[in-house]
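Each of the next two complexes has chain A plus one other chain: chain B in the first, chain C in the second.
Let's turn to the complex of A and B:
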């Protein structure tokens, strides 16, 4: 594949989305990026979506559907925010705590999975319920509020979000593309039996995957909680919601991954969906329309992926 | 082998029977009796909840579990968070199986079905912090197992929104951003509060909102817009931004931030959850008013100037409906002169300063001396309808403090 083709394949979706969203905005007399707040909204969305996408992709690419990622974000942010509020900690310390708690909760989730040996979907549902219950019990159902703590709320800035996004991307590329763990992870993906036979410890690799996913969700929980200054409780799988925002960027990332690095693809997928989110904001699209459009985009993209060759042939004939 | 099986079945059956009696056995209470209340027999009451995590829901639960349950020989059994009518029906089945004598409902997916199910099983049913529609009340008012409903009626909800907006309009504010809460989900309570805000804007601005300017037409207009409202200039005032729903996604956060960051917006009004929505985005020169619960965080927010107006239900407001339910279970139902069920309205406590909010919260959160104490509630046991209605009607903070004296 030529460099030009790789570059084109990498950027075509986000560029197309950028053009289409801008054209829609202009046709309604609205400027997409009118002020710094629009950039802030966009950056926050990219940070949120890319973190969840990275986290979800780690296990999903290995065939492990993990419903517990949202509950890890919830519980890790509950722990870190409670400590931060009670001990007047800085946002950086709260972020570090969120990462630590997220990693530990992910690790625990992974250990449960490799110990009980039940299907990952069932284990992750149980873990999600357990973590939701823990968060509810820990806060006595009240959640955590720090709306009066300006220092924590002021973390929500474009440079901070950009740093989080960049660090997360670099971390993902280094860990999964440049370490022994990453090579083993890829080997297990392509042939589990052979990999185990040549001495790769699949359980260790799996547990580390869960821990890394937890770490990323710790960061997402931090970003999410510092947006509104409050953490609402979720019960009966109420924490699963954030997981669904990662599907479209994951599929887009998978497509871009053919031309470039798949982690960069996930980020560009997050950029594309965040542009659509900003479009909803700028045009004040109500939530029911948003849901319909998002569902259509997801289904449409899946149809495209499944019929890619047929579509290409169609154009070639003409 | 066969005889072994028979013995096993017999033993299991015996265990089941003993277990059932054990579960349904009435606990001995203190045995004391005040104003005719039978404290010797434990009364199990099921509580249906649609919200298990909201500040208001938690305050109500705390009042029942940490005060009422300790004062009376009653046991409250709470349901899980009920999402729909099927979940409500299942929870009622569970309560009935657990020998609950009455059910107090905070869930409203299908109230008629709840009442019918309770009545069929001879279990008393009451609505807390809500009301039935006129049609529903007409259908069930004569049912002996329907105790009644006490809570803000829809007009009170309308007034909560109206008074909140008027408070700022009277100060000369003209540019508003409104969070409509669950209005897009067709939740009456929030629709009426939103309508109240819009009518107040119409009155002050001398204009109309999509042709509506009074309560009736405004409700019709909101429904006509499929509960998806839009900003509008209303005479000399302006609804600069409007956000509805609880999406908690990036677009939703973005819309809240845009509304609050609009330089022309002077006042942010929320028909619910104002602290969890607008507070983080509010600018120092803006004002924030909300209908919500009295919590420690809300008091802190008022002290910090983040929140400036709070209309909240007080947690003990569900005390009278408990007493009406207990009265019915113990054979002294409180009915109107015509033998009809209760249908009484209660209003909000409104705080416009940190000191007021602090006073309200101190009383509201107390588990030893709440707004309605046992001594006060005991006077309602088997009371006449008029006395009961008079007690419920005196719901303001000052009136309740006077009642205490």
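Let's turn to the complex of A and C:
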């Protein structure tokens, strides 16, 4: 594949989305990025979506469906925010704590999975229930609120979000593309049985995957909680919501991954979906329409991905 | 001789694993009765509550077995039920006919289920992702329907209209009838056997001439009937519908089915009774937590631990040297 084709394949989706969303905005007499608040909303959305997409993709690409990612974000942010509020800690320390708790919770989830050897979906259901229950019990059902803590809320700035996004991307690329762990991860992904037979320690690799996913969700929990200054409780799988925002960017990332790095693809997928989210905000689209459009985009993109050859043949005949 | 011993041991092991969920249910029931006696709780009233809470999940989960047997998974069942119930309620408000309400509940649920499976079959989409997109659309549909009805946040059927069928016997009748049909279709018709084959080995099933897409559509239609009945029973039990109606049903169904001993990968070990055993066990467990005065958080943590333990025991004959996916 030529460099030009690679570059085109990598940027075509986000560029198309950028053009289309801007054209729609302009046709309605609205400027997409009118003020700094719009940029902040966009950067925050990219940070949130890309972190969840990275986290979900780690296990999903290996055939492990994980319902518990949202509950890890919830519980890690509950722990870190409580400590930060009670001990007047800085946002950086709260972020570090969130990452630590997220990683530990992910690690625990992974250990349960490799110990009980049940299908990952079942384990993640139990883990999600457990973590939601723990967060509820820990806060006595009231959640955590720090809306008056200016220091923590001031973390919500474009440079900070950009740093988080960049660090997460570099971390993902280094860990999964340039380490022995990453090579083994890919080997297990494409040939589980053969990889185990040649001596790759699947359990260790899997537990590390869960820990990394937890770490990323810890960061997402932090970003999410410092945006609103409060953490609402969720029971009966109320925490699985964030997972759904990662599917479209993940599929877009998978497509872009053919032309360049799949992690970069996930980020560009997150950029594309965040542009669409900003469009909704700028045009004041009601939530029902947003949900329908997002669902149609997901199905439409999947139809394209799963029928690419059919579509190509259709154009070739004519 | 040694081989015979091994085979016998394996058979006994298999039986233990198969009856583990039922034993779990019996233990749960015994525990519930003991606590009810100790705490001097009105047992018939509590039993009626348990039935009211579990019957809807049992009906929907029974239908969902037809999807799970194929190794598929539908996360939009709860949202489908909410939309079907809203449309059924609106139909009643226009016609004042309970039959029309039932027909609209069933029709809407089957239509939504069919669209999901047809879309997945025609465009070669992963069923699960299609159901995620459907979930999003249906949630939007719920908001639109409630908005279109012009009553603010709810759609309501007069309680007096459904009071005649809001009885334990009626619910049991619906449940038993649907269970009987499902058991017949699943165990005595080709559909059930073919579904188990596809769930166990889709490629082999395809090579032997089975039409996997057709089976998926039929499975989703059977599930749609369960969802439609669930919607109808929801209106009879709680005739005021809101955006939160049935919001937890989708996940309750998954939990119940798995708790009842059904493998998520589907195939030959799929059983209709898993839905009944699982849903009843989960409801009993919730009641026990209530009786023990545990707060919602602790109660959910205990539920999670018991869930994983029961599933661990009922599936522990299935472990290999590689991790399941």
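Going forward, the second predicted complex is superposed on the first by the 316 of 318 C-alpha atoms of A that agree within 3 Å, B and C clash if a C-alpha of one lies under 4 Å from a C-alpha of the other, contacts with A are read in each partner's own complex, and residues count from 1 in each chain.
Here is the rule we use: contacts are C-beta pairs under 8 Å (C-beta built on N, C-alpha and C of every residue); 3 or more make two chains touch, one makes a residue touch a chain.
Nothing here was measured: the structure is a model prediction, and the numbers come from that model.
Upon superposition of the two complexes on chain A, a steric clash is found between chain B and chain C. Looking at the shared chain after the overlay, A:303 reaches chain C, while chain B stays out of its contact range. In the overlay built on the shared chain, the residue A:163 is in contact with neither chain B nor chain C.
Contacts of A:194 after superposition on the shared chain: neither chain B nor chain C is touched. Touched residues of chain A were counted for both chain B and chain C, and C has more of them. Legend: residue contacts after superposition of the two complexes on their common chain; A:40 is shown touching chain B, with no touch to chain C. In the superposition on chain A, A:26 makes contact with neither chain B nor chain C. By the document's definition of touching, both partners, chain B and chain C, reach A:288.
Once chain A of one complex is fitted onto chain A of the other, the partner contacts of A:235 extend to both chain B and chain C. The clashing stretch of chain C relative to chain B, chosen from 7-15, 43-51, 115-123 or 277-285, is 43-51 in the chain A superposition. In the three-chain superposition model, chain A touches both chain B and chain C at residues 136, 140-141, 235-236, 287-288, 290.
Chain A meets chain C in the complex at residues 62-64, 112-114, 116-123, 125-127, 129-130, 132-138, 140-141, 192-193, 196, 202-203, 206, 235-237, 240, 244, 247, 287-292, 294-296, 298-299, 302-303, 306-307. Within the complex formed with chain A, the chain B residues making contact are 52-53, 55, 58, 80-81, 83, 184, 228, 230-231, 244-245, 247-258, 261, 275-277, 279-280, 295, 297, 300-301, 304, 306. Put simply, chain A touches chain B in their complex at residues 37, 40-41, 44-45, 48-49, 136, 140-143, 145, 147-148, 153, 227-230, 232-236, 241, 245, 274, 277-278, 280-281, 284-288, 290.
Every residue of chain C that touches chain A in the complex is listed here, in rising order: 73, 119, 123-126, 129-130, 132-137, 139-141, 143-144, 147, 248, 251-252, 254-255, 258, 263-265, 295-301, 303-305, 307-308, 311-312, 315, 319, 321-325.
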